[in-house]
Amino acid sequence: MSPMHKAQDPHFAERVRASFSRQQAMTLIGARMPVIEAGYTEIHLPHKAEITQQHGFIHGGVVGMIADSAAGYAASTLTGHETGVLTVEYKLNLVAPAEGQLLIAEGSVVRYGRTLIVTRAEVFAINHGKKNLCALMQQTIMAVHGKKEKAL
Amino acid sequence: MSPMHKAQDPHFAERVRASFSRQQAMTLIGARMPVIEAGYTEIHLPHKAEITQQHGFIHGGVVGMIADSAAGYAASTLTGHETGVLTVEYKLNLVAPAEGQLLIAEGSVVRYGRTLIVTRAEVFAINHGKKNLCALMQQTIMAVHGKKEKAL
Amino acid sequence: MSPMHKAQDPHFAERVRASFSRQQAMTLIGARMPVIEAGYTEIHLPHKAEITQQHGFIHGGVVGMIADSAAGYAASTLTGHETGVLTVEYKLNLVAPAEGQLLIAEGSVVRYGRTLIVTRAEVFAINHGKKNLCALMQQTIMAVHGKKEKAL
Amino acid sequence: MSPMHKAQDPHFAERVRASFSRQQAMTLIGARMPVIEAGYTEIHLPHKAEITQQHGFIHGGVVGMIADSAAGYAASTLTGHETGVLTVEYKLNLVAPAEGQLLIAEGSVVRYGRTLIVTRAEVFAINHGKKNLCALMQQTIMAVHGKKEKAL
């Protein structure tokens, strides 16, 4: 959570939810975004065979996808409503296989700047009620003023 | 290409091809691996609506997925046939939207070590015959001796 | 701080302090390590002209140096006394100029594994009593069993 | 080398050389910049005891310092003379100890954009006439128009 962040757009949650829902790639893998706060979002992804690698765990690339999106949208909650965000780059450590029934990617803003926003994400696998860390990310986001939406 | 690399497993191409084909997540997005050389692989991904973000370009997270896999499998071409590879971490710069009819991720080994292998990937979008760089990655792979396959 | 970490070597603080004191590069820039806990260290670096860039702030490369070392030694506090640690790689975001009288790099272990340890560091500039974030790092450390010391 | 790059400032070499010479931290460690081309620079650093770690090799943090600077100045060769550059972030893999009589950091621009520039660096240790790779970096640079110099 990011109790120190204050949104400048009072409708940030609706704006982020609408943008997320237009990403067909998120629909394809079955991702949802049930938590949207100022400076923080969560993406939940239930296990299904179609998104696995050869050992039956959720594919590392898919883990990266939801980490990137959760953190990028966390940045988006803090921008003005006419400002888009771009992922400049991110760095992801995969620390354990994504073994379990559900993945939760928690994205949060670490430092908000007018042009560049630094975020982090942690991805946990929920396995029979236990929450295990499987990935950690540090990311750089660029705010593009006058553009309406998350663009990458 | 990596003309300086020599494979220790003469059947590396079959081994990598078989491992790739068992990754259901790659099937889901429509990725193929038409090029497998010693220290180098290519993943090709045709555009389709299901893998886009809201502007109709291929999703940045999907770009990361194929970069990670192409480079990880490039490492796998150089290991022994009883050695698995794990993605320890990677860092990806997204430099342009993935606009075009086809994405090509070119993964290559930069430094091969017995335990740790450093790789790079470049992702290009082919747009009406022009090849544009859209992402650059640097990655760390761990070789796990005695395990048969790419595990993350 | 890392209250969840437990050191396996009861003499970790003496061991880390001795290793740090043998790093002539740390002496050269004037760095000290006044805090050594299980899973956590701090490096303090007073401003002096010799370590600045052309605007009079401490050089970004020096900021990276103390972030890398603080986090690497945080990993070292948790290993056995016959285990060395190597920096595999790190990723550093520089978010503000290092303007002030003192820099403090806070390194901590995020995930401890037998072979690979993931750490983070934050570097703050103390400027007339205010503590401002100037850099954030995520790092991968390898434990080398049977080697006595931090090697890079 | 980067034969595809063209400098917009005809006096880029003098400008970069002057900026480098004002960085006292580079003087402190004994670094020189003997090669400045459009999109490419080299920093050379002779071994001396003051910049070593406890095993007598050049400190990993010092390796990072010259990688960061070589790549940042490579970006600076391509900007206008009234444009400063800032290191947004970098990711560095340390692949071998910096064992030898001389280090050479080769920085080059991979993708030049008006606001963001992606660069890479490779650091080699020259040991009794052999050139060994010891580090690889990927970096993001921001161009700050209307500011005259490298600022971090």
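Letters are used for the chains, namely A, B, C and D, taken in the order the chains are written, and counting of residues starts over at 1 for each.
As a convention for this text, a contact is a pair of C-beta atoms (placed from the backbone, for glycine too) under 8 Å apart; a residue touches a chain by one contact, two chains touch by 3 or more.
Keep in mind that what you see is a predicted model, and the values were worked out from it rather than measured.
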Fewest hops from subunit A to subunit D - one hop per pair of touching chains: 1
Farthest-lying chain, centroid of Cα atoms versus that of subunit B: C
Chain pair showing more contacts of the two, B-C and C-D: C-D
Interchain centroid distance [CA atoms averaged], subunit B/subunit D, Å: 29
Geometric centre distance via CA averages, subunit C-subunit B, whole Å: 33
Length of the line joining the C-alpha centres of subunit C and subunit D, rounded to whole Å: 22
Subunit D: positions in contact with at least two other chains: 88-89, 91, 93, 116, 140
In the complex with subunit A, residue positions of subunit C that touch it: 91, 93, 95, 110-111, 113, 116, 118, 133, 136-138, 140
Sites on subunit C touched by subunit B in the complex: 88-89, 91, 115-116, 140, 142
In the complex with subunit C, residue positions of subunit D that touch it: 19, 22-29, 49-55, 57-62, 64-66, 68-69, 86-94, 97, 149-152
